[in-house]
Amino acid sequence: MALLHTVNKSPFERNGLESCLRHARDGSAILFIEDGVYALLRGAEHATMVEHAAPRCSIYALEADLAARGIEPKRLINGVKLVDYHGFVDLAVAHDGVQSWL
Amino acid sequence: MALLHTVNKSPFERNGLESCLRHARDGSAILFIEDGVYALLRGAEHATMVEHAAPRCSIYALEADLAARGIEPKRLINGVKLVDYHGFVDLAVAHDGVQSWL
Amino acid sequence: MKFAVVVNEGPYQHQAVDTAFNFSSAVLERGHQIDRVFFYHDGVNTATRLAVPPQDDRNITRKWSELAAQHGLDLVVCVAAAQRRGIIDADERRRHGKDADNLAPGFRISGLGQLIETAIDADRVVVFGD
Amino acid sequence: MKFAVVVNEGPYQHQAVDTAFNFSSAVLERGHQIDRVFFYHDGVNTATRLAVPPQDDRNITRKWSELAAQHGLDLVVCVAAAQRRGIIDADERRRHGKDADNLAPGFRISGLGQLIETAIDADRVVVFGD
Amino acid sequence: MADSLSTDGCNPLQKAKRFLCINRRAPYGTVYALESLEVVLAAAAFEQRVTVLFMDDGVFQLVRGQETGALGVKNFSPTYKALDSYEVERIVVERESLERRGLAPKDLVIPVEILNESEVSELFESHDILLNF
Amino acid sequence: MADSLSTDGCNPLQKAKRFLCINRRAPYGTVYALESLEVVLAAAAFEQRVTVLFMDDGVFQLVRGQETGALGVKNFSPTYKALDSYEVERIVVERESLERRGLAPKDLVIPVEILNESEVSELFESHDILLNF
């Protein structure tokens, strides 16, 4: 049993990322979408929270949301895998359920 | 020149309170409305942030929002003045402007 | 004293429009004036006359329509925000070839200039939102 | 694999309904099925046919209507949420004595049971919201 | 609230699933608390196995003594007392969420099952359907 | 964007006021960034004295290199370059908000005036009208 978690809010504005990281169990995947992608900016305050979780969870980001916000992949913390909407679907299929941290 | 600041979001969920406290200058008033009133719960995490600001700013809470949420006045940190909607209007009149930390 | 009130969120989903209503009523009860209420962003969704809220819940749109009728309030819905969200009056219906309109009594649709204008004219601007 | 998609926010104000659309399109492109899309809370505001978004912006409602027509999607709008917010079809119009309706093509209004049902039937439920 | 249900074409007894309804928001500031309660009742009416989880600001939904008269909105907190009669299986509150808000179980309008953070984490994996609002 | 303006019955030159348009939200996740930009242009078209402030997540609105094709939404960031020609008086970014997000002025689509926290606090008091989105 492994879940796909999605985080769609900026960690600077909301508490969704924090709650996600408290509850995502080892082996689960976390996909950052919409304003959630700001959590992955290297050098930003919350990046270390995600880096800390990375060894035990797979970290993904939705390419379209990064591009819209002008975030080049090289600005991200290490170990983030990029996916498009097809990849989002594939992740939902590959996991046993989807938890959206709205 | 003294402003009335309003905070309408729970400090557990959003960053509005923090931004307000960073920018409310000495002598201004802060009115907590809607889910903002949760910032004033004694014993809760963010109460000390507000207590710290209290000596330099006047702290108000909208009674109707406290009552709706089941928060009795005795549960609040010290020094919070309660107002009804008329009191909200009076505060807006008495200050030079209103800054809503949406 | 003259107030301008701005509403950024729609009815039911967020408390903003309820707070704005209670605040506006209090402004009038205190003997002050409401220069204009400007509905922007999802706030424009307040202005539909097609809502049928449950009997045991408040009818937010009707409360505004009644307050406007009693006190001659100017309730303005931003035209650009309203077009995006499907709030239209009879003029807009004809202009865009739609087959129905839904603007509630007491509201009118106009441009963003109405927000700037009331902000200039009022002594206080108070914004309600998410 | 069968997906149920839930949309909690209305068009333009939040990205949720855009993301839900792009996700749903990708589900179909990947050869999976959409069992149902359920519009709840402000999500129901997606289902108006009266919107006139600017020429240089997307028409979110039309995108859903077209996707539904192409793939036979079942787009269900929660009746209780829709009544609160003024999204009604011809039946609702007659039942509540309203003078207009605004439901867009490809959407239908029904009860919360439709959400429970699709959650039971689908292999995955994905919720999009604020 | 059950008047919006339609059971056409569904035989729920054949395949009762485990629903987890996740409440992370305070009441009244937004509609989510009220409309998620309607989903809980709907799922229960379909004879599904329903767990309602209150965490983060969602725990505020259960605070006793809510009085909404001055706001002019409906007080829906009495409905939580009916969850039992709707045969909602579990009503769970996260301990850490309560404590961070200076709340205790005695402050809540109904008796609940208190779970700690790691037990709550398990809930996400032990249910078939996760509904967020 | 100026097509939604109406100047009937208002002589703006007589009483130019100082508007502060406060942007605290990221673009695209919500509409506020786009619709607040429309307010800025409207206020400037009324020949008011307009300051646009970007703080908290609002600083993300100005990040260069936005490409919205894959999202299917309009990229409105080029409009910030037009603020100058609309005679918007000041475009201010809070230094601390940039730094907390790992950003520097060179990451932004236009040159801006960088103010620190206490200077930003003064802005709220030195303007007549505060507009939040």
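Here the chain labels run A, B, C, D, E and F in written order, and each chain numbers its own residues starting at 1.
One rule holds for everything that comes next: contacts are C-beta pairs under 8 Å (C-beta built on N, C-alpha and C of every residue); 3 or more make two chains touch, one makes a residue touch a chain.
Just so we're clear, the structure is a prediction, and the values are computed from it rather than from any experiment.
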item	value
Chain C and chain B - chains in contact with each	E, F
Same-residue or different-residue interface between chain C and chain D, half as cut-off	same
Label of the chain whose CA centroid is most distant from the centroid of chain E	F
Chain separated most widely from chain D, comparing mean CA positions	B
Pair of chains whose C-beta contact count is the highest in the structure	C-D
Centroid distance [mean C-alpha coordinates] between chain F and chain B, Å	27
Where chain C and chain F are represented by their mean Cα positions, the distance between them in whole Å	24
Inter-chain centre distance, chain D versus chain F - centres from mean C-alpha coordinates, in Å	33
Rounded Å distance between chain E and chain F, as computed from the means of their C-alpha atoms	40
Touching two or more other chains - residues of chain C	8, 12-13, 15, 22, 41, 57, 80, 125, 127, 129
Overlap residues in chain F, where contacts from two or more other chains coincide	28-31, 56, 71, 73, 129-130, 132-133
Per-residue multi-chain contacts in chain A, two or more chains	8-9, 12-13, 15, 34-35, 64, 84, 97-98, 100, 102
Chains grouped in pairs wherever the two touch, ordered by label	A-B, A-D, A-E, A-F, B-C, B-E, B-F, C-D, C-E, C-F, D-E, D-F
Contact footprint of chain A on chain F as seen in their complex	25-30, 56-57, 60, 63-71, 73, 75, 77, 100-102
Parts of chain C lying in touch with chain B, wherever the complex brings them together	1, 3, 8, 15-16, 19, 22-23, 25-27, 29-30, 32, 124-130
Complex contact set, residues of chain B against chain E	8-10, 12-13, 34-35, 38, 41-45, 47, 63-65, 67-72, 75, 84
Contacting residues of chain C [partner chain D, same complex]	10-13, 41-42, 45, 48-54, 57, 61, 80, 83-88, 92-93, 96, 98, 100-102
Parts of chain B lying in touch with chain C, wherever the complex brings them together	8-9, 33-35, 64, 84-86, 88-90, 92-93, 97-98, 100, 102
